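Once you scroll down, you'll see the structures, which are given as structure tokens.
Each of the two complexes below includes chain A, the first together with chain B, the second together with chain C.
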Partner chain A sequence: MTIKLLFYVIIILLLILVLLIIGVCFSIFLRHIRSKRLLKLKLVIYTLMGKFFKNPTLDISYNMKLMLEKEIKSKLKFHYVIKHLIDVHSVIQIPVQQQPLSIIKTLKIDKRIEKELKSSKSFKLAQALRYSYKLGIVNHINHFKKNVDSSKLTVRREAQVGLVVFLGWDSLILFNKVTHPISLWQIIQVLDVLETHPRPSSFVLLERILESNNDDIVCLAIHCATRFGVNTIQNKIFKHEKHTNEKVVTLVKAYYNFIRTHEIPVILPLNKPIPLTKVNSNGTI
Partner chain B sequence: MKTLKKILLINDDPAVTTLLKTYLLNKTTKIILAHTYLEVLSVLKTNNFDLILTDISITGTSGFQLIETIKNSNLGCKIIVITGMDQENQQTMFKQFGISSFLNFPVSLNALNANIKEVL
Partner chain C sequence: MELYRHSIDWFFFIYGILLFCCYFFFVSLAIKAIKKNKNNATFLSIKQIMSAQELPSISLVAPAYNEGKTIIINVLSLLSLQYPFYELIIVNDGSKDDSLEKLVNTFNLKVSNEPIKEQLIKTSKILGVYKSDNPKFKNLTVVNKENGGRADALNCGISNATTDLVLCTDADCIIEQDALLKMVRPYLIATDKEVIATGAAIGIANDSIIDNGTLHTLKLPKSLVARMQVVEYIRAFLLGRMAWGHINGLFLVSGAFGLYPKKRLIEVGGFDKNTVGEDLELCIRLRVHMERKKLKYDIVYIPETLCWTEAPSTPKVYITQRDRWARGLYETIKKHRYLFYNPKFKASGLVFFPYWVYFEFGAPIVEFLGLILIVIYMFLGEINYPTAVLLFFIVYIIGCIFSTIAILIYTYNFKQYATYPKALNLIFTSFLEPITTHPIMLYAEIKGYFKKIFGIKSTWGTMSRKGFTTNEVSKTDT
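Moving on, here comes the complex of A and B:
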């Protein structure tokens, strides 16, 4: 009796093992099929972008449009398509004005992103903001202005970077609205984006945010003046020499050292990096 | 009648080569793609190229070996390196290998066009 029972147990265990192996093989097979499909979709997107770069006024072919519309109905593939539309930036330099907006509008990607911009979930909203500025959907600018001082860190971070992407140096004035803290990392991001924009003829907006009640915004302004060698507002910066916040005082000192040790032209050139010249300790250039 | 120019695009990522192929393809060019060192070896055996656009390193080899292989099998062809590695000392070394020009990802289309026009 016990031997028979043992035999049955072994048979059942073997059956389970076989089912398990079949399950694993099937899932590997499905995974392989899925990754092949995703690669095909990726190649379609890159082909589309290649055609767009060749001729920005060219419409998407009917078949390709149908195929992509069908694919992006799935949430997963919608994000996958956007990810690759953004990833193209790592292959080809695309200025904000030359984004593939015709493709985005034809596939109604902008409408779907706009829906997510109204989401109450902060991660969805932050993601939608990021998508909007990465894809250059300038029509969504009001959502950025609205969220520049959001209580949610991720949301205001994306909104601030997006504003700088779209408006360049003019966006600085909107930082006066910010009451929440700004991290050093965020300041660096903002400055990196500012660097891609043409230099303004005057730095009045930088001067204005120097008067902000938010110490982090004052820090942003001083960091900005130091990085871009702005010497036209030095008096305003030196006024913060005795600021109550130690961080601001340290930055003013760093700015002072920078100004002292660099030869900066009086008239700042537009659209070109400032030709800063390092001044040596003995006074020679 | 214009002669057909043969271009070889070498990059690990098929998406990158597809994009560049779609962008560069016209009536006067024939473009061939290679994604691994083995593929490079096989296309170099059977074709002569006017221009090779390549990344520094691809699956199966390091940068210098790849460039050396290309140079040895296609003596007259021009080579443009497009890479994500932005290192000046490497650029100088590659210049010594006879690279026509050196571009960085993300590449500017104007720069790419200008470089191709210059060598073709």
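Moving on, here comes the complex of A and C:
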């Protein structure tokens, strides 16, 4: 009886092993086929984008539209197409009406993204938020405002960055609502995006978020003040030099060093980079 | 007597079942962890990281001891990494070969005029700090010091680092070009927990072709011993480490490739010079340090192979390496035995450390005792041979299943071995492993424990290397 049982166990285990080996072969086959198909699709997207670039008023030919519509029905290809549209969008700076937005509307990609914005799955929702701001779909802004302090890390991260993309410096006021921690990457992204927006005439909003109860938001504000050489709110920043959070204190010190070693004009001209003058330790410029 | 015998039989049986249960649990955790890593990469691509303006700076610390054969190719590789803010510190740990001369001549190194910095961690005497006068190599620093061992050399590099993060590696490692961009990701996305260490999978590049310090063509090693280790590494990194990382239970970040915050390394006093398992020991000490400070922390593992190394290709060198690893494990377990079921250290003391004691440290002992028991039963004529053979076969197939699962996960997620010849070769190799390198490894581990128990003095051991195959050599061969 025991021997018979052991034999059955061995047969089952061998079957599992054979299935796994088939699985390995199939995964390689799948990878091969997938990469071939995606390469073909990539060529179509880039050809299309090239044509658009040359002639912005061009309509997608009926055949191409049909082909793309059919292709993006697959989940994998849908994300693949968007990824490449985002790449093009980030590289080619052309007026809105000539951007991939027209393709997005023609292929109803925006509708599909909107549908995913209602998803309860955090990954899907965060991805949809990301696609929205990367592709410049401003209509979805309410979803960003709604999720700015989501309990899901990826969702709130994308919502916060998206708001900065759409609203620029004005979005800072919404950071007062944020109660959850934010990562260094969020800070980096927010600062990088703010740099692409025109500088505000006053930094009242930055001053307000400096009073946030969330230490990470205070860090963001100090980082921001250092990066953009904001010296009009230095008193407010120095108030944090005895903060209980070590990170905040370190940033205040970095800000202080920055202000001490750089000469910044008190009134900053609008839409122009800050003319920073490095002051050497011996006081010479 | 009968009861006594049955208890022993049941002990081995339950131990085996528990071990397999742990492995199955690891598989499910590893799949989740790999998916999580993929999701993170979706939101934070290396392209984005590369273009960011304020990234943490990184120092690469690579100790070199008699690495003359491969030092130049490896330094070139380390200098060509994609990361905006990094420096490379090569610590020549009193090499007896021409490593330093080669470095000085190739990179136009000159002794730095700056006074030698006060060492934040005490190390052997520094003989000189070299910097290149060629702007192309401005990120390179070579510290020449008296021999003090790997841990001492790493500590010297850490003390000389001027950055936020320190990547400890070996001068004989080939690092993927985008490795730093991927390694820094956990530090960038961390929110409430501080990342105290990040590791990544390490691959074996024996017989692969290296061009300009980068991996040009990945080939499977010709030597069976090295090829076995390809499977072993895939299994260990993809299943074990990823699973532990997912539940924040990682106790080991490989010494060949680990990224740490400099501040924490200084706080704990760097690597322990008195153990040969310095990577494991450091990781545990960092955990203990954070637990004592009551700070939330995380240790993260990246499933992608970001670092390639040369594995022992002969049984002799393999035994030397595994003997050393076993001694390192013994020393670390002994040093941190206060963790064992210590509720002060929460899961680290109640779950993770006991696992290491029972299944990482204990497995070779149990296996060895099991073999002795079989021999005794054979002499006593108390073995039911048909049942025993079938049971052995079951254990063997389960081992093969685990290896094949690891290979499947790897080929599904990563491209390196995703070709039919390579994958099938690896599967076949994994089937041979339990009857070839595994017994050798068991012997080496027991030898290592034996040396520690009986106080037999041992050193690091010599790791003779062939050196990587360069493109030029490969062309000449063909």
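We take it that the second predicted complex is superposed on the first by the 234 of 285 C-alpha atoms of A that agree within 3 Å, B and C clash if a C-alpha of one lies under 4 Å from a C-alpha of the other, contacts with A are read in each partner's own complex, and residues count from 1 in each chain.
In this text, a residue touches a chain if its C-beta (ideal position, glycine included) is under 8 Å from a C-beta of that chain, and two chains touch if they have at least 3 such contacts.
For clarity, every value in this text was computed on a predicted model and none was experimentally measured.
S.K.: Can A:25 be said to touch chain B (first), chain C (second), both, or neither?
M.R.: second
S.K.: First (chain B), second (chain C), both or neither: which does A:17 touch?
M.R.: Only chain C; A:17 stays clear of chain B.
S.K.: In the superposed arrangement, does A:199 touch chain B (first), chain C (second), both or neither?
M.R.: neither
S.K.: With both complexes superposed on chain A, which partner does A:143 reach: first (chain B), second (chain C), both or neither?
M.R.: Neither: A:143 stays clear of chain B and chain C.
S.K.: Mind telling me which of the two, chain B or chain C, contacts the most residues of chain A?
M.R.: Of chain B and chain C, C contacts more residues of chain A.
S.K.: Answer with first, second, both or neither: which of chain B and chain C does A:46 touch in the superposed model?
M.R.: Only chain B is touched by A:46; chain C is not.
S.K.: Which partner does A:134 contact after superposing on A: first (chain B), second (chain C), both, neither?
M.R.: In the superposed model, A:134 contacts neither chain B nor chain C.
S.K.: Starting from the residues of chain A touching chain B, keep only those that also touch chain C in the other complex, and list them.
M.R.: Dual-contact residues (chain A): none.
S.K.: Show which residues of chain C lie in contact with chain A when the two form their complex.
M.R.: 39, 42-44, 48, 51-56, 187-192, 386-387, 390-391, 393-394, 397-398, 400-401, 404-405, 407-408, 411-412, 415, 418-420, 423-424, 427
S.K.: Which residues of chain A touch chain B once you look at their complex with the stated criterion?
M.R.: Touching chain B: residues 39, 42-43, 45-47, 49-51, 53-54, 84, 88-94 of chain A.
S.K.: Of all residues in chain A, which touch chain C in the complex?
M.R.: Within the complex, chain A contacts chain C at residues 2-3, 6-7, 9-10, 13-14, 16-17, 20-21, 23-25, 27-28, 31, 123, 126-127, 130, 153-154, 157-158, 180-185, 187-189, 191-192, 195, 216, 223, 227.
S.K.: Could you pull out which chain B residues touch chain A in their complex?
M.R.: 14-16, 18-23, 84, 105-109
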